[in-house]
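Listed next: structures, encoded as structure tokens.
There are two complexes below, and they share chain A, which is joined by chain B in the first and by chain C in the second.
Showing the complex of A and B:
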């Protein structure tokens, strides 16, 4: 098991394996996302209160929920960096921060566009919205911290610590809608139960979109981690070979 | 589970009830987001490869020049 764990930590191994996974992930993402978007735009029935703005949910909810995965991921990578000094973990953590910032920004923007007709306001200092904004600033903080420290090892350690501390915000965001009764509604109860407020025609496309956006997150993380690997390993022979071979 | 298509015409679909701007701006933003995040790493990768090639060329040129110089120096030493 440990051997497997450390092989996974080898940038070269990860680079080669992820190259094989990428085409499959891209196909899977394209299929799921096309089905999900078409279903959401064309087939989901209008909400009796919200009308067609219900279709915004199929972008907003997946993006927002996956933006929450970023800090735990960076925190786990941070622990691995601090305990085992695994180079790959730090590369993943470094690449996850800007992607997470993108996800958080898109979640905030789509939420604002949804909130305007439904709540009558683009923004409110509601618990959920504010804790998401804090997550955005924390991610910008992680990115800034890394670029401010010159020594890569020191930057890795500092960012790992900040990620571990910053992960405390994730449960706050998650439960903000239950702890504080402000504007943002709690998560809906999407169960298979027949008494559930939502039928499968509402939640099946949502589940498809969540999977599609998750795969999209994984793909963009793999793509930028591969670039980071090439950059940091540029003196190794295997990267020199790739540089010599590739058509640009 | 499968409902029918909710719109009677393309125009109705594009209109999205009262919420033309809201629905389409969200989907537009989402498309840009996906496009940028898949496209940018490609651009960065190409940039990296180009940089590394230029560096390799420069290094090779430098090595050649030093070799020529050394040869010249040893030749002049011999003749003196």
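Showing the complex of A and C:
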């Protein structure tokens, strides 16, 4: 029963499979991203209050929501690292941290750029913004912790633990706008009715952008993990073979 | 699953649950401090001392905004639909400040009036195009008219 699970954990298997997936993912992302961005920038109607500022949402919301996926991913990888000592899980966790930190930073930046004209301030110490900033610092912490510990095994264990602890922040970010009163608005409800708030003309391009950015995240993670695999497995025969082939 | 792995998994689950409960309880205890603003009802209930620097939040009551002709002075009423609070402010209002919209103001309560030093607009979770907004407003107007007609109909004049 566990066989597929351990095969999934083999760096060689992942390297070969991800090599096959990458072109498809790239094509899918390019299509979705171009459609989403063009739609959001050119065809989404102006908001009745925000005007063109609403277009910031089409970057902010996908990037912010996908940045929330980073810690759960690292926590699951961390549990696998601690319990099953699977090498691939730790490689994925290591590569996810900087990508997640960038996503969180972009979410914070686009949020501030939106907040200035709409709220009248770049920043407020409300629960949503602050918990998001904490996620950013936690990710920086994970990266710093990894580079501070010399032994790779010890670093893997320490980072796995920090990732599991840090994942507790994710539901806090998600529900902060409901549990406390904040300046940040709560999530909108999708409406199928064209003549209502947050109707299809607003959310369809948003959903496209969410998928596009999700695939972008996955591609970044795969590319980065492949690098890490080559780096860590450089002494194994199959990597030596690949390098020899590439050098011809 | 091998016993030593099961043991490790149990320890991790135990740590995660324990931490989660601890953090959950502390956030619950701190929830007053985490809230960004007080509501007019909380002010009315006397939860805030005079002269304490706080933020308040609520809706700008329809028809309550009074702007001075020769200065930036503005007065308006914030409401949470159960209590009202008068706000005085000298300064530039954000573009999205308007009646019926949410607002967060920073300042202090003095003699039952809120002296604001800063006013921020709060955006709600509704996004819609100009056309949809116009259509919704028209539908609202029609509904009000029909209600008035049916209420006033039988009694006549």
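FYI, the second predicted complex is superposed on the first by the 240 of 248 C-alpha atoms of A that agree within 3 Å, B and C clash if a C-alpha of one lies under 4 Å from a C-alpha of the other, contacts with A are read in each partner's own complex, and residues count from 1 in each chain.
To be clear about the criterion, a residue touches a chain if its C-beta (ideal position, glycine included) is under 8 Å from a C-beta of that chain, and two chains touch if they have at least 3 such contacts.
All figures in this text were calculated on a predicted structure; none of them were measured in a lab.
**Student:** Thinking of the overlay built on chain A, is A:79 touched by chain B (first), by chain C (second), by both, or by neither?
**Tutor:** second
**Student:** Please work out whether A:241 is in contact with chain B alone, chain C alone, both, or neither, and reply first, second, both or neither.
**Tutor:** neither
**Student:** Is A:178 touching anything from chain B or chain C once the two structures are fitted on A? First, second, both or neither.
**Tutor:** Neither partner.
**Student:** Going by the contact rule set out at the top, does A:63 touch chain B (first), chain C (second), both, or neither?
**Tutor:** A:63 contacts chain B only, not chain C.
**Student:** After lining up the shared chain so the two structures overlap, which partner does A:153 touch, if you call chain B first and chain C second: first, second, both or neither?
**Tutor:** neither
**Student:** Applying the touch criterion given at the start, work out whether A:45 contacts chain B, chain C, both or neither, answering first, second, both or neither.
**Tutor:** It touches chain B and chain C both.
**Student:** Of the two partner chains, chain B (first) and chain C (second), which one does A:164 touch, if any: first, second, both, or neither?
**Tutor:** second
**Student:** Between chain B (first) and chain C (second), which does A:37 come into contact with in this model arrangement: first, second, both, or neither?
**Tutor:** Once the two structures are laid over each other on A, A:37 reaches chain B alone.
**Student:** Of the two partner chains, chain B (first) and chain C (second), which one does A:117 touch, if any: first, second, both, or neither?
**Tutor:** After superposition on chain A, A:117 lies in contact with both partners, chain B and chain C.
**Student:** What residues on chain A does chain C touch that chain B touches too?
**Tutor:** Of chain A, residues 45-46, 117, 199, 201 contact chain B in one complex and chain C in the other.
**Student:** For chain A, which residues are in contact with chain C within the complex?
**Tutor:** Touching chain C: residues 45-50, 54, 57, 79, 82-84, 117-121, 124-127, 164-165, 167-168, 172, 179-183, 185-189, 194-199, 201-202 of chain A.
**Student:** Under the touch definition given earlier, write down the residues of chain B that touch chain A in their complex.
**Tutor:** Residues 1-7, 13, 16-19, 22-23, 25-27, 29-30, 33-34, 36-38, 41-42, 44-46, 48-50, 52-53, 56 of chain B touch chain A in their complex.
**Student:** Taking the complex as given, what residues does chain A use to touch chain B?
**Tutor:** Of all residues in chain A, those touching chain B are 33, 37, 41-46, 51-53, 55-56, 59-60, 63, 99, 102, 106, 109-110, 113-114, 116-117, 199-201, 204, 216, 219-220, 223-224, 226-227, 230-231, 234, 239-240, 242-244, 246, 248.
**Student:** Quick one: in the complex, what on chain C touches chain A?
**Tutor:** Residues 5, 8-9, 12, 15-16, 19-20, 23, 27, 31, 34-37, 39, 57, 93-97, 104, 119-133, 135-136, 139.
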